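So, here come the structures, one by one.
Shared between the two complexes below is chain A, which pairs with chain B and chain C, respectively.
Let's turn to the complex of A and B:
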């Protein structure tokens, strides 16, 4: 019985995070490889992977509210922004124009998520009464309001066109801005950021996985598949819709705060409509409603430009030989991917991964 | 029991958080690095002429490539190569300007290499990276090139450049900016890493008002300022306001919203409801045309003293509806240097280079791109003369040298805080490539002359 990986004899086993030892083994190997990567990769790749990991956290957020609970939101970028600026005020350095308290990361990181979650309660009563396109429009209005506040609340954001520096990397009172000396070995700041992103990504990823298999996760799925039916079955719509927005915003806040430490500074113009649409696009490409989808989508979004550049390089195509510049090509490829995935693979990159995995599980047999 | 345990956990968590928050870094006394007071020139004894040159990242004994993309580098195959990085915008709000700036920069090094290069080296700008005016992308592009280049030929965008300043500091990477923000004149602000060139927006703003009071055929009593809430708009507005205060002029209104919220109707509305004798715009060309055109539609043609980025030579070309307005004698342009047609050795070299490569262009951005590289060239020369062409050596050279530009700009001392004040004033014309005729250069009005440029940035 033990050798049959897909045979579950009870519900707890079926919903376990790792359903068999093989999964545990590969997870452990992947973890080791991921940790060792930051000691062998160049700064450029460390940066890209760190950003991908931080973006994944934000993408899990929108996956909760849209992928799991089925609520369309265009305000996710605003919640990321709220998290970023909360972290910047709490952990950043004050100047003549901006506030900064220089607190420890242990404070600013969770508080960034909590503040974003608190702001989401503004949307909660509306989310209960509206759905679909109407809800999307309300979240769009929320985005515009936030965008205006970000642009003009100079003490917090630095103002549009200028921005501000983000939270300092200080953990347990140790300033990590110049790296960490362990014996004779200097762990560089970007390596520390990478490891932090990796750790946070694992924690938040497990959090998401747990959420999916919990009572709340099943309630979200019920709301997504038919809110009236879910309510008839006893699901408290207000409670669960509000909690979906709050959890999504918490993820957005934490992911945004972490991502911002990598870029060094942040300008309010970033948190515009395009940014929110991008968040939706990441889960569409990655696979909405799945655990690994946002991770795949975020990696695809961050890595695609580098991949395109690499293809142009090996094919010896220079920018001057192309009718479009690199940025335009990136935007077109990304847009095209959204269309193609929606038509041919609605489960996104996760769907491809799923089929690939099943193929090799059954190999050499087709079924 | 369970509840007691929970309470305990909560209590200790809060206690830990409070302790962490209150924990100071008493042991971490910050020791300010003393800034060297002595300023050296390329000919000063302190900059020794070394027999051998120590080299570092981005400097090779192999020659530079013959071309980057389709643009020739003019590199000497018998010389080594100094590679410069380029953080440009090909998309985003400044996507249209990026290629023109890059063209000017590449043309400069083509000419510089053909004219003997820098010591035993030719210099080339590697493939540029598109930062899309996005701080995260800016850092990404920087990381993609930081291990391959000796300095940055351009880091476009003031906020973006400041956000990566710690990284530049760590790498000893000097960079030419593409902004005339007054803060770049202060080592405390840019850590001596930004090789600024030309007078600041602030100085240009002061001079724009002083010049208009001295030269315009009108009694100017009230003025308005239009711009965006960024380093460019704020710095320009600060300069105009300082000059207004010095001259007893009333600033009737100052419209400086974030770029994303700039409302042409509101700007025109201010001009209609509170008419002024002159206004001082610091905008992009599109917004400038919309504001000037909107005011013209309302029958208003006050004098306008534009900051250079507001102007585009297409304003005066045949077929542009507002060309008669821009050439009517009410619109003026200020800048940090003279336009393409000017009679200086630097301008002549620029024209000859563009003629040789068959590029018929002459707009302000191409000129800005060319001019931006002069000081970097002198910094590299100083580093070679000092025998240290590592990044640290280049940084040291950047902090201790006088730089020139074949008379395109006055000689600048990179070792001292402050900045140049000399400003160009011109009037739009359809008669030449740049679209501007010179009225004054180098102009420094009384306000800029009396201002203490060593105190602090204007904004």
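Let's turn to the complex of A and C:
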């Protein structure tokens, strides 16, 4: 069997994290490339990629509840917000109007996830009673209630229109706000953030992959494909729906807390309906229910504006010559992508990648 | 007591607006099993069309009102024909997300046109009475609100007659009951879907006008008002037309009373509910009603088979 690494002889091998050596090889290459990237790339690219990585953590979260367990949620943005503000209170600096405890990152990062997960238990009993559109509407209500609280709970969020500073980067008692001096080499703050995002993204990504191939992951897929049938087969609906929401919120909290350190300040108005729709759109565009999909979707969302700017630049079009401004073009492209992907490629960018990969794998044979 | 009546009147006029949007939601849901998140966008697009015809082009208001409303219906028709027809039979999740995509497209186009300054509708309502309102027994009523209420009642009556009497109304009821059986009876289900979206577009445009008419003006955030019809539909039950109306009345009145009594309540109990609580109150009610009655007050209970 040694000479045929692509032949799966048992279930464990097929569901392994890397099912063949090629994947292992390319993952290793990609890892090396992305680590070395932070010493080569300009600040602009480092910032963009760190944001994409942090966003993909949040996107994996909604992928658990919507992609795997098949429950539509429009409240994911609120859980991200809860994570961000928990981190900001625990790790941020206090001022006259806002609380801040200036704790270590080792505390605020996991606690941000845990608090978001605890809040998701408000939704859990309802999620069990409802499904489909009604559940989506309850989460919509939750979203509006949350954003009302966000904009009025001034000592935590800084209030509507003002916002507050986010958590400080202090890891193991070392303040990383001004970078880290190793010997003669200064590791700048954005490089540190990039490496942190990369590390977290890999950890959470493997976590997601493991979830998919575990008992819980199979139960989620069962609930998605037919919840009554799943219940008849012995899947505890309450436990698995609640845990799907809790895990999703944990991912949301951690991803949000990490992403917020990149932006520096957060205004409660950010966590509105559009933000939650964005979360859904990212997994729809990336590929719902797949492991790599959210990563693709997050990169697409962050990189698309840059790409549009680049296209405008090479086609010699200035912003004033166009009927729409840049933000509106982005919104249009995003809206169109949602529609077109849903109609023509429901598996999203991952589906395109999948077909492309298989085409080259079988090349020159087209079957 | 005057405050109570004032709150009631304002609540009811909001209810009229909500019920127009809500009816659109229900019609689409009943016939296609699709929850259209694009409905609020259609409402503001309708308002935008009216404003652009009446103010920018200088066409007399009443004519542009009719043209604008019809055009919005046509936009609904086009949206259904181009984007939703290929999605027939797809999971509800996908279709709901797709309507969000449509919502983004429509609203971005509109926001670009609106720009930063709010747009007027060019309607004559602000010129009636004292700044568009009159006083009956100490209660101030806007003429726009009266018009909104009577239009809503009229439309609900007309729709009722349409569903009972006309050929297409009956065909629509048949389609919502069972699509395949309706198809087998020779009903052109595709055409019914188009018609439903046309009517929903018209209803949305009416609502859009009453949201933005007079001194209210059309701005980039006007659609939020139309979006609040969603809790109304959910409270009443997604597939019930009387439910949509009752839900709208509940939501409208709640919003009216909360807006007027929140301050007194806060003084009395010492609990601060925060700015703009009246806008969130509908969602809180929806939250609790869904917990108690998952299918809404009037909705039919879904029977599921494995």
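As a working rule, the second predicted complex is superposed on the first by the 364 of 367 C-alpha atoms of A that agree within 3 Å, B and C clash if a C-alpha of one lies under 4 Å from a C-alpha of the other, contacts with A are read in each partner's own complex, and residues count from 1 in each chain.
We adopt the following convention: a contact is a pair of C-beta atoms (placed from the backbone, for glycine too) under 8 Å apart; a residue touches a chain by one contact, two chains touch by 3 or more.
Predicted model, so just to flag it, every value in this text is computed and none were measured.
K.L.:
Could you look at A:14 and tell me whether it touches chain B, chain C, both or neither (first, second, both, neither)?
P.N.:
In the superposition, A:14 contacts neither chain B nor chain C.
K.L.:
Given the touch rule stated above, what does A:225 touch, chain B (first), chain C (second), both, or neither?
P.N.:
After superposing on A, A:225 lies clear of both chain B and chain C.
K.L.:
Going by the contact rule set out at the top, does A:43 touch chain B (first), chain C (second), both, or neither?
P.N.:
A:43 sits against chain B, while chain C stays out of touch.
K.L.:
Once chain A of both complexes is superposed, is A:277 in touch with chain B (first), chain C (second), both, or neither?
P.N.:
second
K.L.:
Considering only the touch criterion stated at the top, classify A:338 as touching first (chain B), second (chain C), both, or neither.
P.N.:
Second partner only, chain C.
K.L.:
I'd like to know which partner A:266 touches here: chain B for first, chain C for second, both or neither.
P.N.:
first
K.L.:
Indicate the residue numbers of chain A shared between its chain B interface and its chain C interface, in ascending order.
P.N.:
Shared contact residues on chain A (touching chain B in one complex, chain C in the other): 148, 151-152, 160, 325, 328, 331.
K.L.:
Mind pulling up the chain B residues that touch chain A in the complex?
P.N.:
Against chain A, chain B makes touches at 16-17, 20-21, 23, 25, 28, 69-70, 90-92, 95, 127, 130, 132, 134-136, 138-140, 143-144, 146-147, 158-160, 162-164, 166-167, 228-234, 258-261.
K.L.:
Would you pull the chain A residues touching chain B in the complex into a rising list?
P.N.:
Residue positions touching the partner: 42-44, 47-48, 51, 103-104, 106-107, 147-148, 151-152, 158-163, 165, 172-173, 175, 177, 259, 262-270, 272, 318-321, 325-328, 331.
K.L.:
Would you tell me which residues of chain A are touching chain C in their complex?
P.N.:
Listed in rising order, the residues of chain A that touch chain C are 66, 70, 72, 125-126, 129-130, 132-134, 136-138, 140-142, 144-145, 148-149, 151-152, 160, 226, 228-229, 232, 273, 277, 280-281, 284, 323-325, 328, 331-332, 334-339, 342-343, 346.
K.L.:
Quick one: which bits of chain C touch chain A in the complex? Just the residue numbers, please.
P.N.:
It comes out as residues 35, 83, 86-87, 90, 92-94, 96-98, 100-105, 108-109, 111-112, 227, 230-231, 234, 238, 272, 274-277, 279-280, 283-284, 286-287, 290-291, 294-295, 304, 306.
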